[in-house]
Structures are given as structure tokens and as C-alpha cells.
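What follows is a set of notes on a single structure, which appears directly below.
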Amino acid sequence: MSTYVLRIDCSDQKGLVHNITGVLFKYGFNITSNGEFVDKERGHFFMRTEFVGEPVKDELIGELRALLPENASVELIEARKKDIVILASTEPHCLGDLLIRHAYDEINARIRAVVSNHERLKALVEGFQIPFHYAPHEGLSREEHERTIREIINRNRPDYIILARYMRIFTPEFISAYHNRIINIHHSFLPAFIGASPYRQAYERGVKIIGATAHFVTNDLDEGPIITQNVTQVDHTYGPHEMQQAGRDVEKVVLAKALKLVFEDRVFINKNKTIIFE
Amino acid sequence: MSTYVLRIDCSDQKGLVHNITGVLFKYGFNITSNGEFVDKERGHFFMRTEFVGEPVKDELIGELRALLPENASVELIEARKKDIVILASTEPHCLGDLLIRHAYDEINARIRAVVSNHERLKALVEGFQIPFHYAPHEGLSREEHERTIREIINRNRPDYIILARYMRIFTPEFISAYHNRIINIHHSFLPAFIGASPYRQAYERGVKIIGATAHFVTNDLDEGPIITQNVTQVDHTYGPHEMQQAGRDVEKVVLAKALKLVFEDRVFINKNKTIIFE
Amino acid sequence: MSTYVLRIDCSDQKGLVHNITGVLFKYGFNITSNGEFVDKERGHFFMRTEFVGEPVKDELIGELRALLPENASVELIEARKKDIVILASTEPHCLGDLLIRHAYDEINARIRAVVSNHERLKALVEGFQIPFHYAPHEGLSREEHERTIREIINRNRPDYIILARYMRIFTPEFISAYHNRIINIHHSFLPAFIGASPYRQAYERGVKIIGATAHFVTNDLDEGPIITQNVTQVDHTYGPHEMQQAGRDVEKVVLAKALKLVFEDRVFINKNKTIIFE
Amino acid sequence: MSTYVLRIDCSDQKGLVHNITGVLFKYGFNITSNGEFVDKERGHFFMRTEFVGEPVKDELIGELRALLPENASVELIEARKKDIVILASTEPHCLGDLLIRHAYDEINARIRAVVSNHERLKALVEGFQIPFHYAPHEGLSREEHERTIREIINRNRPDYIILARYMRIFTPEFISAYHNRIINIHHSFLPAFIGASPYRQAYERGVKIIGATAHFVTNDLDEGPIITQNVTQVDHTYGPHEMQQAGRDVEKVVLAKALKLVFEDRVFINKNKTIIFE
């Protein structure tokens, strides 16, 4: 008996919950948790159900589709660790945090590889017996550099690509190659301080709170669907460096929280937003 | 067409969601939100459904009961403002906050009366055209004093009794007369600093965070089911008075949040805890 | 014996603290609290000292000036309640909160008058025996409308003007007439969602946290020095209206906190930022 | 030229700041930050001054002592990394976090050794090239076990001993051997849930917020001076295990923050509380 997550989204209409749970009931599955949400502006229905049982996948999806509107998306996911590739540059705090969670089985994922355009984090990664790929960008066009990275990624067939303080911008081609599968941690409380040096910007503006945002990556830089955000208080004694230090602790916790939610199949993308069944 | 909240709790078993939503679907009600939770330790199921329609109440409850385990509690509540009586002593911050929300229709309740064992808040209450009852406790036994208060409460037939910094302890008789209908704001992060002078206790202990807790009142003082809690940071420059001042802003926001949840029928009591469908 | 706050800011140089405290020591004043800060980027020194004594004001300031760089600003303020005029439009939450604190002496200020371009808050204000001035803007040019408001303000000679959800933009003339004396509560976590309808903007962007910002008003709308900020968590179930409701509790607490700091002479303006001695 | 921290505490009296800064001024030291606090209940003065210069240590302390009350404690500390020994049991989150900060020079300390009564964390520690000492407690009396640990500690001559989720209780002898030098992270918001299994306790009590507390260790278990605390929100869907998971992220951030403050000599112990100059 395995645990499954059933994810459905479709146009809203009456009777959806009754009909969907009817199929699950017929098979005698044991539902362990159930969440529904209707985006009333869009008239769109989202449902996530966790159950224990032994479904014949195609048959179950077929029966559900027969009851659902034509535009329905139906996913049946057997609970398993996600495969991920992490991209990082020089900062160890988010990457290191994920490596430790991974080493002690506290993240629902297998880190297949870490890719970096710098060598600073090599020893850290290899100390955890994870393959580290150094992919320098100097002297390469963006396309050439991305080709190398994509080759490494594709070889590892990840479910998700995690940008753990990776400091370069991708081409639209790269992003669409991994549609809705790239997750970034941005070092500000989006949409404040979009772009470069957000801690410097925050310092110049004299804010009293700084934050971090984990989001899916889309072509609009820093504009993808937000998964999690958090903040911490600062004051006038913080320079840009102290803000950055304080921010790091927020960044790593926000990223880890977002990944936990995504890796448990709790996050739906609803246009440019997320719906999260916690 | 009215809005209804259907609240069900019963022993957990398979098919509950399917069966319950089936009845609602049959009547053609439009479900606007739906929440379920199973307490696995107890094997107990909780469900809250909001829908729009015109049910015949007894018939609907009868049909649902026929499908549910014998121990099921089924409530069908037509959305309406709750009637409340507020008890206060001398501190204006929680009471005043409720009066303003009430005056501008930002709380889902009608304040029927305010009762106080002091006169300090009389002008405040009457400035909002709410009846103020002065019920001094001096020279009275606890039972005599409570008799006066109960007489005022009962005359107003409230759904809930709100203790907005009411500083006296009730007899078990009083509490059981209003079982699960008395809500208190405690000026600490329970279970820390139970009992008198929590801010003094917090100061003596040198804590770096203070909090407030809104909870249902039971016979075990400060031990009833917790509805909401929040905190704020303090430091060594705060004396007991400054902690109290800082705490007041937490108290009033925590109480208002708890009342919003209760007055929208979102809170279930599960033994000594709460389940909240936000 | 009165309590005084001495506020000094000047170019930084060695010996400032020693020299300043030497003067205070010579007079035998009892220093109750003392804060210093150096903005190293600017090379600028700030100091706030609270002491109890009976100074001859001009003499003390003269002695201090003689020891300080030429660009020094020296203020000696006898502790007293600040006089304020509050401007509001239609929302009661911030105004009501200030009225209650005022009624029970929990804000270090005297509310001289409330001015509004709407009549909705009249009863609330008058219930607290505070003069309410209705100053409608319909049919008036911005200059005409501001003339009325300035006349009311000037008659009351306030130390500060508080914008408690006042929804109109001022001319540069108005703002410079009350330089560094106008405090606004902005209903977002600045610099996110500058401009109109920040909660609608926040909803559209799908943020997971919303906030509020109290700041001094300058000619750059929403760009003045930030005094305090705070946030609260939201999720996908919050529409713009629910975000606004949740935001109100943050707004009123953030504004009250900012005013407490300003009214105790704890806030220095340092170019476009604040320095706060808590 | 080195950076120094001067730490003074003594009975409060007039002129202390003037006199102390006078000595520093005479030597021409460049004060970079300065904090003072008076505990008025105790009549006790605390001051922390950071300056750059080349003091003759004994001479400077002698001059200061001559100006200060007899009970004065005067410390002059040259800024340097602290030496620490970390004790852990089986949980990797706090230890791992410190190892990464250490590896990338983001903690003002040198980890001399890690001691554990379990082998689970050996590979983690050795992956960072830090000596790991396995000191099992099975079959040993408490005194025998502590003798082994003290031997390892003493060989490494640490400034501080960090309990990073070390799950055993020390004898009073052990604690007094390292008076005010042992720092613990407690997995609850003290003083709530003192003792064993705080997350289980929190779950049973149905709290809506859980926290963590970093504190100095004294003979009264869980009663030492608190350095930092923080919290995170939970709800009825969290079982004890989920609370523990959520709590871990709070624990590691709270511990790291406390250590940053202690290692920068910002924390004074004031009876059973702390005074912190941030």
C-alpha cells in the first residue's frame, strides 16, 4: 500500500468534491488529508487529496476525467523523494542548509548534483559525497554556459532545479526548458527591491524590516509565483553588510520551507500566484 | 438565499466527505468553502462547509444524521451577527478596540451590553451608545456578585461572553452556565506565566519575547482551549510597565482575531484544543 | 525637577560623548538614559540624553555649542505631551485607536482636533469630546482645500500632524509648511506597492506577507523617512478585502508605535532615514 | 591598531560615562560604538565600548578602576575569534548550521572540537575537518562520563561550551567548572514547557505558536539567563513531529543569533537576566 497525492484543477462547478471523493470511496482508498480551494475571480477549482491505497493509475485518472470538465488537469503522484539539481554561486548558507537536511533525511528529495560557476563551494558539497560540477562562465556566451549547465541537469533528470543563491540570469530558453520546475530564493521581500543588490537598496531606503522570497522562476525576473516569504527586523545600526547577514538566516529558512511544500506536492500554480495546501 | 455554515464532527470513517457533500449537492446548494480535518490520535472527523441556499433545516440535518455515525454533532447555522456581552475591569485597550470595530461594522457581532466591576470605562462605553452596567464586587460574596452579572448577561441572551481584561476569577458554576461560550484574553503566552501579574513574572524571568493568548474559559484557570496567540519582542530596557504597554497591542489584536474566527463559526473545540478552519 | 531630553547631532569627532556628558555632570543632572550613534558613511554623530534636573536652557545650550562642531544641532526639550492634529478620511481603525489611547492617557500627546474630508468619523470623534472639523474637498481646488485645513491646523499649533488613513495627496507647499512634522501610515510594506490600492496590488502579486509603514511625509510620495514597519502573514484564501482587514491591525499598531517613539523625542531624521533611540 | 571591547559594570553613580570616556579620550582611542544601561531596580550600571587603538592593558584598566566604584568589573577584550567546544547528541540541525557558518567564516569563533554521546554526527563533523570525539555514556556514572567530557573540553581550552541539542543534564560540578560559559538551545519558548519533550507538551496543550530559547546554563535546569528567543506559528494540523520539524528552524537561528551576540562580547549577565548591547 502506497501513499498517493491526487491533484486536480479545473473550471469550478457544483458537485466536484462529491464526485471526486465518490471515485476514491468506491475504490476504498483511505483519505488522509483533503484540501480544496476555489479562485472565485477565475471560477477555478483546485483540490489536493492524499490517500493510501493501490490504484491502477490510468484507470483511476480515466474515471475521474469522465466526471470533470474538459479543461481539468489531473495528476496522480505516488509519494516519493523528488530528484533535484542545485545551482549555486559563492554563498554557502542556503546550499549548506539543504545539504545538511539532505544528509539526515529531513528533506523529501535526493540531491543529484550541485552546479556552480565558482569553486568556493566545492569542498562543502564533496564533504557530503554529492557530485559537484564546476561550470565557469568566464569567456563563454550565455548560451554556451547554459548549454553546459543544461547538459549536467538533463543527465540527472531532476524533478526540480533549485537556485540556492545562484547569481546569474537565465535566458528565456533555459527557463522554458524547465517550465514551473525552477525555484529561486530572492534576497528581498518581493516586490520590494527587485534587481541587483537588494540589501544595499534596503539600506539606502532605511527600511526597518528585511525579508526573503522563494518563488518559481519565470521570464519576468523576480516576478514568478511566490511560494513563501518571511522577514526579520533591522534598525539604523545595520549597514548593508549586517542586513545581508541577518537576511541570510531568513533566506535559508524561507527556501527550505518552500521546498518542503513543493516536494510534498502541496503547491499549485494559479496564473502568477500559488495556492498551497498545508 | 442565505449563507449557512454546516458544522459536523463525529468518529472518523471512510466516505464521510463524499456522503456529506452528496446531500448538499442533491439540494443544489452552492458550496463556497469547505474544510475537513481528522484528529488521527482520536480518530475523530471535523468538517465545516459554507454554502448558499434555502435549506429546510430539520430535514437537512435529518438526512445528514442518517448518513453519519451515532456520535455525530451536526449544526446548521444561518450566517448572522452573534450577540455578545463584554466583561471588563479597568483597562480600555481591548474593550475600546472592540467598540470601534463594532461601531463601524467590522466585527461580526452586536455588543448587547458591557459589564464592569469598575466605573472607569463607563464614559467610553456610553460614548458608543452601548449599555454599561456597573457591578461592583466590594462587600459582596463571589456568588452574590456573579448573580448580578449573570442576571445582566441572561437578560441580553448573548451567544458569547467576552472577557476583555476582566480581572476576576469565576466560580465553576458561572463557567458551566456558559459552557464553551466564554472567551478570555490572557496577558501572556500561555502556558508561560500562568496566574497573576504575568508581565511582572516575565520581567523577573528576563524573557526576550512577550505574548498574549485568547482562549475559551474552563474551570482550570488559564487552561482552556487556545484560539489564537501572538508575540512581540522586548529587551532588557523594558521594565514591567513597558512590557505591559507593549503587551497591550498584542492582546487587543489577538483577541479581535480570535473573535473573528469564533463569530464566523470557524472554531471547533476538540477536547482541550481548538481546530480552526480559516 | 523636570525631565529633559537633550538631542544633539553634528559631524563626528573624538571626545564628543566625554565633552557633552562633562557639561551635564558639572550641573549635577541625573542622566536616566543615554544613546549615541555614528553614521559612518556620513561621518555624523547623533546623541539623545534623558536627564532630570533644572537647567537654565540658554546657558546649557550655549555651553554645549561651545564644545561642538559648528554644524551641530542642539535641542533641549522639556518632557511634555505633544500637541497634535489628526487628519483622517473614512477609516476608523487608526483614528479610533489613537482616540482610545488618548482618552486613557496612554499616548504622550494631546489631540487638539481631528480634520476630515468626510463626515463618517464625526460621531466617533465627538464621542471622545474632541473637536471634529469637516473639511470637504468637493468643488474645491487642492489649494483651496488645503487652505481650509491649514487654517484649522495653525489655529491649534500642533507639534505634529498625523495622517491616520487620510487619503489625499498634499501639495509641496503644504508639506514644506510642516517640515518633518507630518507622519503618515502607509498601508503597505514600503517600498513595495507604492501608490494607490496597495492591497489590490498585493493580492494581484500573490504575496504571502502584507505590511504597513509609518513614515515622515516628504514631497516624494511614500518616500519619506521610515519610522516603523511591521507585517502579518496571508495566504491564497485572502482576497483584497481580507488582506485589507488583516492589514488594518498592522497599520494601527505600527502607527501607534511610531508616534510613541516620535512623541518621546526618540527619532532623528538622518537624510532619508531615521535613527531611533529606543 | 586593534579593535577592543571595554566592558564595565558597577554600582550606578553620577559621572560614570563622562569619567570613562575621558580616559579613552585621553589616549586618543577612536570609539566606534558605545552602549550604556542602568538597571534602576538594582542601581547597577553597565557599559560596553568598542574602540580602535593600542592600549597598554594593565595601565588602562588601572586608570579606569581608580575612577570607578570598588565593586566595578572592568574587562578589556581584544577582538578575536572565540574558541569553542560544541556538545551534541543526535540532531544535526544546530550543529550543522554552526559548522557551515564556521567553514565560511561567518561565526566569530573557532570550533576546536565536537563531543557527542552518539556516533550519528561523526561523518558530518569530520566532513568539515573538525575533530569529533565520541564519548558514550552507557555503562558510566554521570561523574565518569563528565570526567571524559571535561578532559576533552579542557584540552581545547575553549572560551565557551555550546550545547547544540545535547540531551543530557549536567551535574552542578560540571556547570560551575564553566561558570557563565555554557550556552544551551532549549526547544521551547521558556519558561513554557520546561523539562522533557516540550514539543509533545506543546502539542498536548494545543498552542498556536512554538518557540526556542538560547540561554546560559545554570544549576537550575532551563532557568539560566535568556539570551535570545524566537517563535513560529503552528496550527491544529501539526502533530508533535511537525511541531518539532518547524521548531528546528527556529532553534538553529536562535542559537546562531545568541552566539553572534556572545562572541562579540555584547552580552552581560545581570543576575538571572541578560543585558545585550546590539
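Read from first to last, the chains carry the letters A, B, C and D; within each, the first residue is number 1.
To be clear about the criterion, contacts are C-beta pairs under 8 Å (C-beta built on N, C-alpha and C of every residue); 3 or more make two chains touch, one makes a residue touch a chain.
A quick note: this is a predicted structure, and the numbers were derived from the prediction, not measured.
Each of A-C and A-D has its own count of C-beta contacts, and the greater count is at A-C. Centre-to-centre separation of chain A and chain D, using mean CA positions: 35 Å. With centres defined as mean CA coordinates, chain C is found 41 Å away from chain A. Chain contacts: chain B has residues 237 touching two or more partner chains.
Viewed as a network of touching protein chains, the structure reduces to a complete graph with every chain in contact with every other. Chain C contributes residues 92-93, 96-97, 100-101, 103-104, 106, 123-124, 127-128, 237, 245, 248-249, 253, 256-257, 278 to its touches with chain B in the complex.
Listed in rising order, the residues of chain B touching chain A in the complex are 14-15, 17-18, 21-22, 24-25, 28, 30-34, 36, 38, 233.
Contacts from chain B toward chain D in the complex involve residues 37, 39-41, 189-193, 204-209, 211, 225-231, 235-237, 239, 270, 272-276.
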